[in-house]
């Protein structure tokens, strides 16, 4: 009798359904944090948190929010559907490049134009890549997503007369809201205030929509497929089709993040199409904790700070990221969220 | 006409003929037990009927429609559900979500992408009711992986039951469970099946259980049907006793 | 072998597979000069017992002794070196290795001789299964079910064990071949190797074994000779269903 | 004619190096079912150790072919030793866990190794082209071809034959294959599976290290070479079949040839073509050309 093999991380994930209750108070923290984020630009003079409200820090946070969207979208696949993609750079970078090409060839400078182009290109790419990739799971899925995304990277690198090769495409400050908010002269002011709010709102929308998707019957079906493909089939779920839906949705949201990234960075280089960038998205997600919904949000923001501040202090930030990742996998597979959950459990025990 | 009618089913694995020319039928609301020693082909037969395996030869008709080559999803839509001998659940989902998922899938609501599962009151209530029927209501928010073996077996059956099938195939619903628990499980299962008027095929070793609940017993041996009849007929059948003892 | 001649002694063994509690307080002994069968239905816990003895599954509680040596915490390969040979239910014949290679591995690795092993050699094995000579160049993948069973037993014997563990040794074999295997069991015993065989068919078991352990739902519910087993109402109920 | 011959030899040169890298990757996967994302970085490590060693021993200029013979095994062994540390320390805890964790962990190792090499050897490429030049040129059929490149091709060929003999003709090879086919049964026959795993992983690393060491006289040791090599090795094993050594050989030859042709005729698409071939093979023959489903 070959009984069902429980992988030991089943034990790790025992908490998931229960944590939902415990995290209820976390809803209040979340609301407080959201409020803080909304008021941030006006808190520059406040003693303790003033430093966080500086234009530089707000731009950093904007980067963090953009990465968070990408990580959340990625986690719809990894955490919810059980598919580890090493090719999400294709959707992020693809969308950013769509914005860049829009500027270069059609001279469009509207952010909504960027978003539309980014979303569309990510959708198309994800639909095509997905139709190929979802035939596989596990390691082959990872390698296939990686290989396909590398095609895009190679094209961006080699067709330099279109993409400017390694120099990349520059993206000027766009107009927002169909031109209602024009381009002001001060780029820092634009990015740290106007664009900060723009990204914040889209971030909230994306989090809300993805949150609903994750908790929808569809989201439950994805989790069922992740847990047990055969049984999912035997409750009547079209496994491959649902994987494809998940892939496309995930790619589309990653595309939104990529489009938001383009003007923030001002430049799209092949770096954001390379598979190591996919690896960074993976890193953010695992850092935050891929076994929970909010983990990737924390991961995206934390990653950006890590990159910004560690790069400043050491030339060897990659090594540090690597060490953190190895440590996460070996001793903290539930990421930052896991640490919080562990802390609160200790707290409860102490009481 | 029978609810399910299989004719001349054959399935080989390498050189072993796991199912070797089996005719098998189930009437509406009938509870059929499938018995036989190890390797008799019972699980393979269930796998053929449920669509996990495709037969090498033979045909299967359900409600007069040929389903021999129909994919699993469509068989479920037609009304055939099954449970598994080795528990097969969504381990990280709560007991409630396990059952609720079957309900969503049955109702076609798994397509709802932008509606909270929690908002579907009907699904929630029905799922809780099913959990209650199977004595699992206290464990509704426990992830399936955290349930005891007996509870997992029950939840496995509950998933199939929640699909509101016309025919339910239960592959050893009490295997791997302690002696004390198995009676409880079979009682619960048999009562629910009969209360709903489902037809059921139960693979079971416990002859007491089989004799108590079955309308009809089909005895398999080495891939073939050896004997078939009411519990009384089977009890009296010499061949059955010898096959079970292994003299054959 | 200790003074009582006991090769294998299992005491209060408790094993889980994942979260499923499979073995409950299983105790059994096999002497150096006997053939013992573990009888029970599919899922009764026979394979789990074998896997636990071999160290292929972690044991929660209990003790396993081989010729007096406590092997409960030894890694699998060390247990093999102390003198156990194992032929699993699926035979475990390596599909891409030739029969000869399958057998040779065991010859290289078996009983290191510090314990009280048997001194069977390839000659004994080929004498027992002469047809293996003709199959030596064939890959495991291309063998029939019966041939695989043969290779599995021969391979376990090449380890020069003091005890052989056979899981469902006669399953899926044609009646004539079953007879061949039961005879082989008797001859292996005559070579001085004890046998512990998991078997779901009590008739076959009673033909080869001096003593039977009957297992149901992870517990040993009966110990005794085949005659005693047939006389026991409880055993018959378990076997019947 | 001479151009064609040079192209053919270039393809073979490329294939020889790729075979060493991809063969190691495939060997490791075949035995322990781990896809090692840090494999390319181990290849780079071999290159750096070799380049460093040559510059240490030979100084700035006076390179001689003899150094190659001495330092190749040293570099390969250094990488093998790294592998022998990495496997028990980082990978062993993961065998029982979901596959994703292995990918994540080896990705972490990749990041660490890349920067470790930058830390030790700096950001400027190390070159030992004098060693390459010291081998001189070969004149065949009116064409001139660097003799060192031929040496590499022969070395690749020798490695393939040796590896084949090792895996199929030695005692360890039989145990290696047994372990890769059925880990539990291997243990039940007395094979120390943990030891086999360390040795197999180290052997895979030795191959990667050897590839790195041997390529150094031609292209030097550069940051990022490991990551590029990893992707190409993936392409090779996907085409040939993950876990199959023959597959790695066939895949390496195909990739070597296609790449040479692509560079010649449509350089922009060189990489894209390779990835597309890999994708097409995965779609049509999921187990690769020589892999078993």
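Chains: A, B, C and D, in written order; residue numbering restarts at 1 for each.
What we mean here is this: a contact is a pair of C-beta atoms (placed from the backbone, for glycine too) under 8 Å apart; a residue touches a chain by one contact, two chains touch by 3 or more.
Please read all numbers here as calculations on a predicted model, not as lab measurements.
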**Q.** Chain located farthest away, centre of subunit C as origin (C-alpha)
**A.** A
**Q.** Comparison of A-D and C-D (more C-beta pairs in contact)
**A.** A-D
Q. Which whole number of Å gives the spacing of the CA centres of subunit A and subunit B?
A. 42
Q.
Can you work out the whole-Å distance between the CA centroids of subunit A and subunit D?
A. 33
Q: Could you put a whole-Å number on the gap between the CA centroids of subunit A and subunit C?
A: 54
Q | In subunit C, residues with contacts to at least two other chains | A | 19-20, 22, 42-43
Q) Can you list the residues of subunit B that touch 2 or more other chains? A) 145, 176
Q: Give me the residues of subunit D that touch two or more other chains.
A: none
**Q.** subunit B-touching residues of subunit C, taken from the complex the two chains share
**A.** 19-22, 41-43, 144-145, 171-172, 200-204, 216-218, 239-241
**Q.** Contact set on subunit A toward subunit D in their complex
**A.** 7-9, 78, 84, 86, 132, 135-136, 138-140, 142-144, 146-148, 150-151, 153-155, 157-159, 275-276, 279, 282-283, 286, 315-319, 321-326, 328-330, 333
Q | subunit A contact footprint on subunit D (complex, rising order) | A | 35, 90, 93-94, 96-101, 103-105, 107-116, 118-119, 227, 231, 234-235, 238, 242, 267-272, 275-276, 278-279, 282-283, 286
Q.
Under the definition above, what is the set of subunit C residues touching subunit D in their complex?
A. 54-56, 75-77, 80-81, 86, 88, 92, 94-97, 101-102, 104-106, 108-110, 155, 159
**Q.** Residues of subunit B touching subunit A in the complex
**A.** 50, 52, 72-73, 76-77, 81-82, 84, 86-94, 97, 100-102, 104-106, 109-118, 120, 123, 141-143, 145-146, 159-160, 163, 176
